[in-house]
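For clarity, chains are labelled A, B and C in written order, and residue numbers in each chain start from 1.
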Amino acid sequence: MSDVDASPSTAIVWALARDVRVALRSKGELGVQLLFYVIVVSLFPLATSPSRELLATLGPGVLWTTALLASLLSLPRLFAADFGDGTLEQMALSPRPLAALVSGKIAAHWLTTGLPVVVMAPLLGAQYALVAPVLGTLTLSLLLGTPILSLLGAVGAALTLGARGGGSLLALLVLPLYAPVLIFGAGAVDAVRAGLSATPHLSLLGAGLLIALVAVPFAVAAAVRIALD
Amino acid sequence: MAADLLLEARGLAAQRGRATLFSGVDFSLRGGEALVVQGPNGSGKTTLLRIVAGLTMPSAGEVRLRGDAMRAFDAPLRNVVAFNGHAPALKDELSAFENLDAWTSLQGSPMSRDQIAASLDNVALSRRQRLPVRVLSQGQRRRIGLARLALCDRALWILDEPLTALDAEAIGMLGALLARHLAASGICIAASHQPLPLEDSRMKRLSLGEPS
Amino acid sequence: MINWFRLSSPVSFYPIAGAWSYAFAVLAALLAGVGLVVALWIAPTDATQGDAYRIIFIHVPTAWMAMFIYVVMAGWSALALGFNTRLSAMMAQALAPTGALMAALALWTGAFWGRPTWGTYWAWDARMTSTLILLFLYLGVIALRSAIEDPRRADRACAVLAIVGAVNVPIIYFSVQWWNTLHQGSSISLTAAPKMAMTMLAGILIMTAAAWCYAISVVLARVQSIIVERERGAGWLESLIDWRAEGTT
């Protein structure tokens, strides 16, 4: 029997390509999270007041918190389909490293749910009277932060596979873990709004992202194996 | 395929909640041998297969491959096993061709387009190979599973109810695949209500009793 | 040399847990008695806050315990995953409700301290906010356990969650501290005021020790009931109950 190519990069690419292809063919689901994001962000001013000053103060928080919620909304789909049709089992039993395979899946998930939010946010930020440099920081903070949300969320998604309680349980598990990302992400935008530098916030987010990229997939793989038990 | 393959189970036991499904299951299989697991519904056939495949740990006992004890998901076991469970393991949105391509690639032995097309042709699915699996019938999906076995170079086949939804012709194909696999010193463990299309002399049997 | 692996079976541990639980309950009562005497009589009235500050003798110990217990729970969880022992997982299961209770008590007493002192029940200070998030983490572990039917699977899933949470706890505390100093400045910090007289510090430490003993006692008692619930049907339990009924304890 030939030695199997156990390199992580092949596994990551395999999972990424497959998941993106599957996602593109289920077009109906793709736009929903983005639509949710747009609607909720647009609803907030109706609940408060459209005064430019108030909106500019609220803006970073609203745009970031709604990104969190949109991420939560999309998480169950990360593993549920593969779990149900048996392909997750095949992945866990394959010779390829499971941590790499789930990394590919998480990357595909971010590309189809997180990245659209990153692209949309500055456009919506204009609704909140945020100026260009602030919008730039908003985009950058979301660009660094949404992958962390996908990674941490994946742990919750894997742990709740086959558990009762569905989305609400997932939210309870994952939202406390999201808190630091929210603090640094929204904090970066606030800092720039106040005329300060966002470098400390963004550096911390970046460092967090690097650590999460390296460490979290192993926790997700462990959680997937537990779910398949 | 490794001619020195030896798969042993010693004292395997499994529980569901507090009830014991089975206990004291022993068997030993060399290359070229097949084991049929029989028993009523709920007797734990699927659980036993999942334990041997390395998806779950038994509550007692161990599985040994080439003399080494295997825990769930251990690499040597993953390198030899091909598991066909209840679920067909097909993505509905992808075509039969794409599914096979992805699976062989996942197992680390990607096949050329011609090889995949040929295997689908052998199970009479070439006209539908580019359609999303969603539109195929149950029987056609099971044939994709057969094509997958044909492309599979793994030594240990673990099949859960492989005859489900197969017509007579497909059962014949499965028989041929099994015979070829065993002739090449592979091992096959299958749970099946119906008799497998294999000569009796090559099959060992294991019966799991009533659930307690 | 204690044979730790013999202790790792629920069977052997059950009577030991009972004995130690009782011992620690007595110890907790004694320490709490001394601590309360210090808290209510010996420690002087604070110049700025009057007698209302005395609630810190419960607030600070419970806040510390909420943190400690989470770390201990994560430790037992790591053992459960690493050695696949049932008892380690049962200990982790037993710790979560007590940890959640400590966190809730810390929040409640903190609110009652805040009201007379700063005029508000909730001041969004760093420690209260971190403790609140810690409470959510505890509730998450408890909720996950009840959401998974198979006990062994629940053990392992909760273990992973506890460990992931534990790694995040310092990050959460740090980020909340950061957030708090940016927005609140130095106006409110529950650790700063009042300036600690020696007696106050002694009182807090005694109450913390009492809380430790209480937690150990309660957790061991809970582990006993978990063992009974999960090992029910194993013959040894019936014989154990007979033995105790005969009064030979």
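In this text, a contact is a pair of C-beta atoms (placed from the backbone, for glycine too) under 8 Å apart; a residue touches a chain by one contact, two chains touch by 3 or more.
This structure is a prediction, so every number in the text was calculated from the model and none was measured.
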Relative to chain C, the most remote chain by C-alpha centroid is chain B
Per-chain Cα centroid nearest the overall protein Cα centroid belongs to chain A
Based only on mean CA positions, could you tell me how far chain B sits from chain C in angstrom? 48
Starting from the mean Cα coordinates of chain A and chain C, work out the distance between those two points in Å. 32
Cα-centroid distance, chain A relative to chain B, in whole angstrom: 36
Chain B: positions in contact with at least two other chains: 57
Where chain A touches two or more other chains at once, the residues are 229
Junction residues of chain C, two or more chains touched: 149-150
Could you list, by residue number, the parts of chain A that touch chain C in their complex? 155, 159-160, 162-165, 169, 172-173, 175-177, 179-180, 183-184, 187, 208, 219, 222-223, 226-227, 229
Interfacial residue positions of chain B with respect to chain A in the complex: 1-2, 53-57, 72-73, 75, 78-81, 83, 85-94, 98, 102-103, 105-109, 132, 153-155
Once bound in the complex, which stretches of chain C touch chain A? 81, 133, 136-137, 139-140, 143-144, 147-150, 152-153, 156-157, 160-161, 163-165, 168, 171-172, 174-176, 178-179, 182
Of all residues in chain A, which touch chain B in the complex? 1-2, 4-6, 14, 18, 21-22, 25-26, 81, 84-87, 89-96, 98, 225, 228-229
